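The two complexes that follow have chain A in common; it is paired with chain B in the first and with chain C in the second.
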Partner chain A sequence: MDNYDSLDDLGEESLVIQLMIGLLYPFMLLFGFYIIVNGHYTPGGGFQGGSVLATLFVARYVVFPVDDTDSEVLHTIQKIFLAFIVLIPMAVLFTEVIHQLPRWQSAYLTLMDILIGVQVGFGLGVAVLRFAFFQGVGKTWHL
Partner chain B sequence: MRYILSALLTFGAFILVTLITNGNHEVLDPQLYLYMIHNFFEDTDSKNAIAAILLNYRMYDTMFEALILLTAIIGMKQFLPRESDMKAGLEKKNHG
Partner chain C sequence: MIEILVLLTMGFFVVMIIHTNQMRLAIVYLAVFSLLAALLYLLYAAPELAIAEGIIGSGIVTLLYLAALKKNRVYTVGVVSIPSRLKVEDHYMYTLEGSEALKDIRDFFVRREVEVQVVFLDIPLERALDNTAYDLILSDDGKQITAHTDEDNYVMVELELMIQMRGFGGSIQFQRTSAGTIPTHGAKKEATE
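Coming up: the complex of A and B.
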């Protein structure tokens, strides 16, 4: 407990956690996109799948707690996706264009689910990174 | 004294609104949800009624939910600055 405040304790990373998260990482990505893309067939959708995608940031922080992700870029991407979330329904849904084209209904639902999912995933990712790296690198809590 | 007054005012408004709502005994026909249950597949081509409601009937709700997330993150960035941001802000304050 002598050098609790030093960065030495960050060196004690658990090999088990590293290996398991490394194994599970692609499956977490796959599961998140599965929930998002199947939003209009099965329970789930943009918000739920986006939350699963945000766990990728948490998992990466647990294994490798270094503040090298530029959360400004994530925030900018989130804002761009939010602009599309607002603009596409205004262009397609509120003008009732989509109801004249029944073939494109599923495409519209999938597109909106993907937009919302990525927006929520990046947004929660920014939130997690903000809390994790508040005033310093990994000093707030550690495993 | 001001706090007590404003607390009393808020509580009074709460009681008033609750009483007004309690006095209303009108029962509406469940037309809207019956319409949604029976027509969501033809209307939206979605097999999941929740996705149909979220992305078609109540698109405004979804849009503003996404906007709330953005607002929350802007507030979070404001109140939980990173060390580099705080240093840059201090330098700006000292120079300007």
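Coming up: the complex of A and C.
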């Protein structure tokens, strides 16, 4: 590794992939949140937007394969969002608040889409990171 | 009409995925196949499904396969021409690409499902041997091709065995360098066959 010449070096990342992913990265983020936020009246929604957000993790791994993301933290955040996805509809639907406040229905749907989007994005992202940095035995995670 | 066209194109890409030798190309074909499937869903008035197929099929799965392929080891074969007056030019590359020796080596790696890339080098042999980026160095002195490998590299031992068994032993000569030490051109022991 130490006597690599810059001309002969073949272990480097491809510059084309680096530049294109760097260029597309903010647009992918924007597209993901666009799909999530507009999910209740255009095609798309939480799952589709969350998948776009998960693509960001993979794209970052392809360009910069360093295991500096704590996937335990992502997993915990994902669990908290999953709890909210269960609790908020129970609180809103069982008490029939949503029928008394029809103006807030789209706000409720947007909130649920955002929760599902973040949950799916982090969930798929954790799965991808664990796949990418799995080194056989030794480094294990608690599910 | 356009649905049938898209379906036929998808079938074409499925055949291409199966029949390509390079895994990277197969991944790209798979991504194109997913995009066509997304277009088909759109034509059948299922935009939600089209978005999901487009993102997961050609986004996450493609990048995941690329990430998995990065874990897969790529064998880099460097080719050096010994008389440096032999310039590395297009017709020289075509001649060597068409030679039995290089075809055998490619065939060996394809059978083992290992990606192989052949690089033509414009540097002297000593510098190529010092470089750790190449797993196998072939040197061509106009008449004979010599393969320089590590002593401990069992893949290369297998390659040597296969070439001997197929009867092309005359076309490639093997030269081993002991692993761990930095090889220099003078201090190398010849492997007798």
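Here is the rule we go by: the second predicted complex is superposed on the first by the 124 of 143 C-alpha atoms of A that agree within 3 Å, B and C clash if a C-alpha of one lies under 4 Å from a C-alpha of the other, contacts with A are read in each partner's own complex, and residues count from 1 in each chain.
Keep in mind that, in the parts below, a residue touches a chain if its C-beta (ideal position, glycine included) is under 8 Å from a C-beta of that chain, and two chains touch if they have at least 3 such contacts.
Just so it is clear, the model here is predicted, and its values are computed rather than measured.
By the document's definition of touching, of the two partners only chain B reaches A:P102; chain C does not. In the overlay built on the shared chain, the residue A:F131 is in contact with chain B and with chain C. Judged by the touch definition given at the top, the superposed model places A:P89 against chain B, while chain C stays out of reach. In the superposition on chain A, contact of A:G45 is made with both chain B and chain C.
By the touch criterion defined above, A:T55 reaches chain C but does not reach chain B. In the superposition on chain A, A:I35 makes contact with chain C only, while chain B stays out of contact range. Between chain B and chain C, B touches the greater number of residues of chain A.
Shared-chain residue A:P65: touches chain C; no touch with chain B.
Where the contact sets of chain A with chain B and with chain C meet, they give residues 43, 45, 47, 124, 131. Put simply, chain B touches chain A in their complex at residues 43-48, 50-52, 54-56, 59, 62-63, 65-67, 69-70, 72-73, 76-77, 80-83, 86.
Against chain A, in their complex, chain C makes its touches with residues 47-48, 50-52, 55-56, 59-60, 63-64, 66-68, 70, 76, 117, 119, 121, 123, 127-128, 130-133.
Residue ranges on chain A touching chain B, taken from their complex, read 39-43, 45-47, 67, 71, 75, 78-79, 82, 85-86, 89, 93-94, 99, 102, 105-106, 108-109, 112-113, 116, 119-120, 123-124, 126-127, 130-131, 133-136. Across the complex, chain A meets chain C through its residues 1, 3-5, 8-11, 35, 43-45, 47-48, 51-52, 54-55, 58-59, 61-62, 65, 124, 128, 131-132.
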